[in-house]
């Protein structure tokens, strides 16, 4: 028998860094995962000589946070990737981080807006370093300009065609930066164009809007090579009020959690 | 044996109402619970003559949403309470609602800000109707002006005194309106004064800030008779970096989920 | 303004105790909450002289676990209640514990069965000590012998009567021991009689079965004074297969999470 | 710009099937996901001619459940894969199911044991059909025979070596059946050998035990070609009781949720 693949690391390292150098305090709140792949076969036979403890990984995250800036999460993750990538036996490092935003109230008080969170995944192996940033849990809804019709009907199809439904989704986007691009602050603009395109698009399907959003993001930011969107369809079902002698002109809906449609695609610049 | 207490109802009715009368669409998103108490003893012996089906409760929520405005959630809940309170055998109705806010993007597109949610509980019994509104999941943090010292030390006390810690909490507030008060829009102002007081207070303990927040809310809104605050202490533990030859001047923290301190109190106007 | 009520403490203290005195190791896994009420008004004004730190509460749980047996969780919780009840200003102590069961695999290996968990709440105040134990997350289902008919019909009722539905619920039971009763091992028998009664009962409604279960528990265990059951109705909706030319003789169901019926009652011995 | 990859489908279809042909009722409880890949580019441009509605997918799951047996979940998933694989434009179908076990109480009453769940993923594309079954949420713990020592120490390493720690994990296993193998009932034996190997192994690290478990599974079941194990390390931290004048001879632990080590590997038969 053969060890065909292996990976290990520390997940969910919760890091908060406060910078008080100025009267206006800065706050960064991250959840970090560190994962290594490599020629760790002896570890699986009981020899730990090569096995960097996951506890050491955790410590390294905190020590690096003290030694280096973390306000640009991609740069911080890249430093960690470089550090662990230099360890013996390591062939691939994956640093993933979720950044939990806080909005400023005063010089030293903050409110957590909830809603969406920034993400980044830095992957370093022999072929180089790839940086994929994104946004998750971006929940949006539109009350019109969303249709779904013209789909195939077979013996199991009961869904009526509609020209006017609620379209609600929780956007997860992940975009890959071109090699060498480092202006990670563009994420704010990408998020904004995703939202605006969702709001303005005349949708024939979730897929249709997904592509429009992805293309708009690529058009807005030359620094990204491709973008993947994952759009769960948070169904809002029209309630049948006729038993109560009432009509329901697209007004009263049940919001359901499950089941849900899930639409995912990657759009890339053509060569 | 005696049926000493009983209650039943429908929980988690998910209601979304869209109003398209004007080009600027309005959107209300609620989760509603209906609960009844009463002389339902025969039901417990197998006679359902008095047992309004919980399915009927759900239908009623949707039908009322079509027939009546829901933009003022307290008023909508009160209507439901009056409806069910008139049913045979019912001695007490409890309508609880959580309102999930949406922020407007365009005339007909919205983004869910996440963060805090509005709550209301309307209770109707022979003594009248009580309305308790509030806010939940309001997550705030301050990086200074928070101390905890002077507490008693016994053989199990290891916590050092601190004059400068992170204070992070997820505020849940519930305030009771005076009888007859109906200007429920004051909730926006109460939320604002809670946030401002948290941010500005020079805190000696969570309790100390809790009282200041409660008093500020009562001072700001004469229409409320009392307020209860529940403040979990979301601990941020200073990381010991000395093993790595680093100091940590209140800069690098672990955010922990459990265990957590939980501080709760009610402040009421004196007679 | 007046501090009308207050309570504080430490929640979610995760305690695992392993006893290796014998080759057959013993394992106890608890989540403990400590809550105090009392005349803590000065704390709310910034004076911490009376404010036992919640960190000290946590430490006390661990130290007591080393010093005392925890295999009988009620007894362990009572010790903690007595300890904190003797502190200055404390008028009421509430110790709540959830016990996570583990099943033995070998002398020193265990599997977590999941499913239900034991609970206990010990409350100590000037009037004495009350012990309420129970079980939660006990998920049961029956495929027949469950009806719901004869309920009132109004303009909002669409639910058909049924003589044969699925009855699924997640039982939470809490029973109060008579003063002085200490044979807490009866919990195993109470759990068993609750399950057996659920399985065997010819149900006219959730309420009907709830009462039968409660009465059976009281009959089986003279040491308990009353019992409260909370039975969410985990609806299983019959799928309409007629559009596909298929019947559905009570065979294919959708299991739904929300909304759900929630039935709660307390049954007590008559004097 | 190019649509580089796309997938869509319905997630979390909750299916319960009851078979009452005999007095001993049978119960199957599944959560099913359907996902399709294919040449759906026109859909992303607003033409839904090829876009099988995800609502139709859901209906198909329920109709197939009425028409076909589901007691062997792999076979049921394969039928669904074949059905959707025959649709126009589809190049790949992925049917994933989680089976929620129920234990029998009587002929027609059941208890949900909680704990682990069965999983299966059937993938069908031009190259054939692959079936990967497994188990998830299998939580096990051992109180001895677990060491971690001999690992490298750098400037960020503080973890002491240990010859005797608690080893707790929630096993997720996924094994791939050889082509043509259809005796899916072997899953019970594979689960058993995973548990027994965990319990009996003299562990030098999580990795060490992972490999032993994987090899034991492959040895026990010739029908599987490879197995992937994912073992989160549910850390149990020894509490420092010395401030209270107490020792702690591996007896009192804090069970922590995060951060956690995560160890994953695939073991495959050598050619």
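Some observations on this one:
Labels A, B, C and D are assigned to the chains in the order they are written; within every chain, residues are numbered from 1.
Quick note on the criterion: contacts are C-beta pairs under 8 Å (C-beta built on N, C-alpha and C of every residue); 3 or more make two chains touch, one makes a residue touch a chain.
Nothing here was measured: the structure is a model prediction, and the numbers come from that model.
Each step here moves to a touching chain, and the least such steps from chain A to chain C number 1. Taking the mean Cα position of each chain as its centre, B sits at the greatest distance from chain D. A repeat of the A-C interface exists among C-D, B-D or A-B; more than half of the contact pairs are identical by residue number at B-D. If each chain is reduced to the centroid of its CA atoms, chain B and chain D end up 38 Å from each other. Annotation: 29 Å between the Cα-based centres of chain C and chain D.
Taking each chain's centre as the average of its CA atoms, chain A and chain D sit 23 Å apart. Shared contact sites, meaning residues of chain B that touch two or more other chains, fall at 14, 59, 63, 156, 158, 243-244, 257-258.
Only residues 1-14, 33, 35, 40, 43-56, 58-60, 63, 88, 148-152, 154, 156-159, 204-208, 210-211, 214-215, 218, 226, 228, 232-233, 257-270 of chain D touch chain A when the two sit together in their complex.
The residues of chain B lying in touch with chain A in their complex are 14-20, 25, 27, 29, 59, 62-63, 65-67, 102, 105-106, 108-116, 137-145, 166, 195-196, 198-200, 236, 239, 241, 243-244, 246, 248-256. Those residues of chain A that touch chain C in the shared complex are 155-156, 158, 243-245, 257-258.
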